[in-house]
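Submitted below is the structure of interest, expressed as C-alpha cells.
Just so it is clear, A, B and C label the chains in written order, and each chain counts residues from 1 on its own.
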Amino acid sequence: MSPELKKLGPRWVVFGILGLVVTVSLLFKRSTEFPGTPVVKGVYDAVEELPEGSPILISSDFDPGSEAELVPMMKAILAHCWRRHLRVIVMSLQSPNAMPLAQGIVEEAARDNGAKEDEDYALMNYKPGNLAAVLAIGQDWASQFPESYKHRKLADIPAMKGITRLGDFKYVLCITATTSVDSWLLGGVTKYGIKLGLGCTAVMATDYYPLLDTKQITGLLGGLAGAAQYESLVKLPGKATDGMPTQSLIHVTIILFIVAGNILHFAGKRRKPEAA
Amino acid sequence: MMAILGVWVAVGLTLFMFSFLYKDNPFYKVGENLYVGITIGYSLVKLIFETWIPNVWRVVHPEAGVWFENHEWWLILPPLFLGSLILTRFVPKYAWLSRWTFAFVVGYGSGLAIPAVQKQAEATAHPLVTHIESFDSADKAATEAEKKATDLAASKGAGSDEAIKARIDADEYRERANAAKARKDAVSAAGARADKARAAANDARKQADEMAKKGPADSEEVHAAQKKATLAERAAIGAEMATWTAYSKSEYSVLTAWGDFTTIVLFIGVFSVLFYFFFSIEHKGPVKVFSRLGIIFLMIYFGASYGYTVMGRLSLLYGRLVILRDACYPSVGFATPVLLVAMITVLVVLHFQNKDKEENA
Amino acid sequence: MIRVAAIFLLTAAALRAQSFEKLEVLDAPGDAGGAAWVIWKRLPAESDEEGAKRITYVVSVAKDATGDFEEVARFPATAKFMSDNTEAFGWSKKTADWHAVKVDAPGYEDGSAANFPVYAKVVALSAESEIASGTASGIARPNWLTASKFNVFVFIALLGGVMMFLIARARRNSEIFVRRIPGLDAMEEAIGRATEMGKPILFLNGLNDMSSISTIASTAILGQVAKRVATYDTQILVPCFDPVVMAVSQEVMREGFISAGRPDSYRPDSAFFVTSDQFGYVAAVDGIMMREKPAACFYMGYYYAESLLLAETGGTTGAIQIAGTDSVTQLPFFIASCDYTLLGEELYAASAYLSREPIQLGSLIAQDWGKLFVLAAIVIGTVLALFHVQTFVHMVATY
C-alpha cells in the first residue's frame, strides 16, 4: 500500500468499505437491461445465424476459481443454443477440474431448458496438450474422444452424428480463464479455418481485443459485463445481470479511492518542500 | 443432507480464506493446506485416469481399444519417447535431454504462431481513410466499362482475351455499383423501419398515458403498458441508431470519420510501441518522440488492463458473497451466521491467549 | 499451388472454348490428400447476372469412370468461383471467370496417405434445358508442401538467417550497441543503498521453471547483480519457487562472486528453495520481507496473480522495488507498486545488456530487425491500401 493511501486508514478499512458496499448492494435486488455492444453481439449473431440442428462446440476451459464470471456466460449461451435447437458438444482443454464443473453447469442448464443428454448435448472429456489436442481433433475427432465423458461410444450418441473432425462444427466457442484460446486460435482458426467465439475473464479481455479487428474471433464476452450483455440479448436475466449493479457500485467506490489517493498524493507533494 | 453439508463446507472454507484479511491465522492455514492438498491429489488422479490411461496405457496394452483400429501401434513411440525425455529433469546430469522435447514443442508452436502474428500485421494495414463510393459514380463507371466490353466483343470477337478481360473488369465495376446500390437501399430501408418503430413507440406511450389517466394509475395493467411503451421506445432508438450505421456505410459521415480516427490511432499506436521496443538504436531526436508516444500508449493499455483486472477480481468477490448470502437462510441451517460467529469467537479467544503469552514472555 | 498455376496457364490459352470441354479435376494443393478441385469455365449464358441466376450447377463425383456418380454440390452459377479461393488459385483476375468446387475423393479415409482417383461430372440446369459435361478425372494426392504458406517460410528463413548472422557477429565482437534501459541504472543505485543501510537485497526469479525465457533472463540478471553484491559486500536473498531454478541461481551467483574476485564470501544458502505452491510461496516471501526488511526488492521473471501481493508487501517495508516481467496481465500491478519496471521485452534486453552474451545479444538485435520488417510491412501495406493497390497485401496474406 502506498504511503498516500495509508493515510486513508489501515488496509482493513479499505477492505471493510469495499465489503460493506458489496454486502449492502447484495441485499437490494434490481434488474436492469444491458444493451449488447457489437463485440458481444458478434457471438450472439454467430449463434443466431446457425441453421437449426447444427453442431456447436463449447470448450469449457475454467475451474471453480473463475466460476463467478464464466458460469453465467456459459448458461446464457447454452440456453441460446438450445432455443435455436443446436446440438451442443462440450469439452475442455484446461485442466482435469474443468469437466466436472462443466458437467454441473450443462446439466443444470439442460434441466432449465428441457434439453436431453446425448440428443441436444454431449459431454466429452478433458484433453491435455492444448495445441496438440486441437490439432489432433482437427484431423480425427475419435482419436481424441473415442467416447463421451460418461463412457458412451460416439456412435450411440445422436448429438455426435456427422461429426468426424473439428471442421464439422459450424461454430466453436471457447469459454476460458486460461491461454487455451491461443490453441484454438493457432490450431482451430489458423490451421482448420473454424469460426471462433470467445468468452473470457475480464482480466484477459484487453489481451484478446485485437483478435476482433483481425476477424480471428467473431465476438468476445469479457467478464461479468459481457455475460450480463449476453443475458440481455437472449432475454434471460440471470446472475450476471443481478451482479452488474453491485459491480458498478464497487467501481464507483474504487474510483473514489483512486481520486482520494491522488489528492492526498499531490497534497503531500506540495507540503514536502515546506517541510524541507 | 449431503447438499446442506456441501453448503456448510463451501461457506466455511470461504470464511476461512477471507479471515486472512484480519491476519495469518489457523483458519486460513487450514483452508490453504486443504486447498493445496485437494487440488494436487485430484489433478493427479484425473491425469492418471483421463490422460495417461487412455493415451498411453490403453495404446500399449494388448487389449487396446479404439485407437488401434485405425492406427499403427508404433506411432505411439515418438511421442512417448519425447514425453519421457521430460522426466530426465529429475537427473541433473541428463537434464539437458529434456530440451529436445521443449525444442520440438517450441518449434512446432512458433511455426503455427508466426502466421498468426503475420495476420495481425496484415490486419493493421488498413487504408487510413475510408473511401465510400457513391452509387452514381460507381454506376457511371460500370456503364462505361460495360460499353467498352461490348465494343471489344464486337470488334475482336467475344472469345478474345481482350474482350474477356474487359468483361471481367466490367463485372467487377458492376459488382461495386451493386454494392453501392445495396448500401443506399439499406439506408432508406433502415429509415423506414426506424420511422415505423418510432410511430409504434409513440402509440404505445400514448396508450399507456391514457390508461393511467383513465383507471387507477397504479394498477398492474398500467405498469405492463408502461413497460411495453419503454421497450418500444428502446427499440425505436435502436432502429434509429441502425439507420445511422447504415448511413455511415453509404456516405462519408461523422461515424465513418470516427472509424477512420480509430484506425489512425491504432496505426500510430502500433508504430510507436514497436519503436519503443527497439533496442539497437539510441532513443534520440524523432525516435525519442515516437518512443515517448509508445510509452503513453502502453500506459493507457495498462490502465485499461488494470481496470479490467479489478473488475474481474471483484466479480469473484461478488460470486463468493452471493454464496454467503444464500447460506443465511434456515433451509441450510443458517450456515453463514453460525460459522461467522463461531470463527470470530475463536479468533478473539486466540488473540487474547497470544497477548497473554507475549506479556508472560 | 504451383501445379495448379501451371495448369491454369496452359489452359489460359484455351479460355476461348465456351463449354464444359474444359472441365478439369485438380489435386487440392497443400493438403493431406483426399480432396480435389473441380474447375470449369463459366458458360457464355452466365455473362450477365440475370442469366447466371437462372443456371444451377450440379457436381457429382465417382471413384471410376463407370462407377456410380454421387451428387456432392448444387449451387447457383452466381457462386463458387476460383477467385474465392486465392489460397489455391492465386490472385489473378482471370480466376473470376472460372467456377471451382472442392470435393472429397470418394472412398477416402482420414489419415490415408494413398492417392485417390476422382472422376467428376457437371450438369448445368436451367428452366428450359440442361447441359451435361463430359467426365473429367484427376488424382487427389497427399502433398508434402503447402505452397500458399511460402511467404511465411520466407519470413521465418529471413529472420532466422539474420539471427544466425547477428549471433555470429556478436561472438566475434560483443561491443554491439544496446540502448540504456532506465530500470538498470536504478538497480545499481538500489544495491548501493542496501550497502549503505546494511540491509539485504531480495531477488525473485518468478514462478516459471527454467524452460521459460523470462526465467533464463532473470537468472542472467541475477548473475550480474551478484557481481555487484560481491563487490560491495552486501547480503542477498533469493527465495526460489522451483528447485531447478534454485540450482541455477546458486550457480550464476557463484560465478558472479568469482568474477568479482571474492569467491570466499559466496554463501550457497543465499539462494534457497521455499515451495512450489503459488500462494504458499507468496506467504513465505512476504514473511521474509516483514522480518528482514530488505533495502531493495527485485522481481524479475514471470509472475501470475501473486504479483501485487508481493509488491505491495515489499512497498510497506519501504524498499526500493524494481520489477521486470513479460507477463502482460501483471505489468500494470508492478507499474503501480514498484519504483521501476522493465516492460516485457526490456527484461530480455536487460539480460543481454548486462551479460553481453552473444546468443542473447544476437537475438535481441535480430528481433529489432523483425520488428523493423513488420513496421515496414504495415507502412507499405497502409500506403498502398490508400491507393487501392492490393498486391503487397496479397504477398503477405496468410492462410
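Worth pointing out:
Convention: contacts are C-beta pairs under 8 Å (C-beta built on N, C-alpha and C of every residue); 3 or more make two chains touch, one makes a residue touch a chain.
This structure is a prediction, so every number in the text was calculated from the model and none was measured.
When every chain is represented by the mean of its C-alpha atoms, the one lying closest to the mean of all protein C-alpha atoms is B.
Pairs A-C and A-B differ in how many C-beta pairs touch across them, and the larger number is found at A-B. Here the spacing of chain B and chain C, counted between their Cα centres, is 20 Å. Centre-to-centre spacing of chain A and chain C amounts to 24 Å, using the average Cα coordinate of each chain. Look at where the CA atoms of chain A average out and do the same for chain B: the two points lie 8 Å apart. For chain B, residues touching at least two other chains, in rising order: 70-71, 115-116, 119, 122, 124, 305, 309.
Shown for chain C are the residues in touch with two or more other chains, namely 110-111, 328-329, 398. Within chain A, contacts with two or more other chains are made by residues 140, 190, 203, 207.
On the chain A side of its complex with chain C, the touching residues are 1-2, 139-140, 164-165, 190, 203-204, 207.
Residues of chain B touching chain A in their complex: 21-22, 39, 42-43, 46-47, 50-51, 54, 65-67, 70-71, 108-109, 112-113, 115-116, 119-120, 122-124, 234, 238, 266, 301, 304-305, 308-322, 325. Touching chain C in their complex are the following residues of chain B: 24, 32, 36, 70-71, 89, 92, 95, 98, 102, 111, 114-119, 121-122, 124-129, 131, 158-161, 164-165, 167-169, 171-172, 174, 267, 270-271, 274-275, 277-283, 298-299, 302-303, 305-306, 309. Across the complex, chain C meets chain B through its residues 15-16, 18, 44, 47, 49, 93-94, 96-97, 109-111, 149, 151-152, 155-156, 176-179, 211, 244, 247, 277, 279-280, 283, 328-329, 331-333, 335-336, 343-346, 349, 352-353, 364-365, 367-368, 371-372, 374-375, 377-382, 385-386, 388, 393, 396-399. In the complex of the two chains, the chain C residues touching chain A come out as 32, 110-111, 312, 315-316, 328-329, 337, 398.
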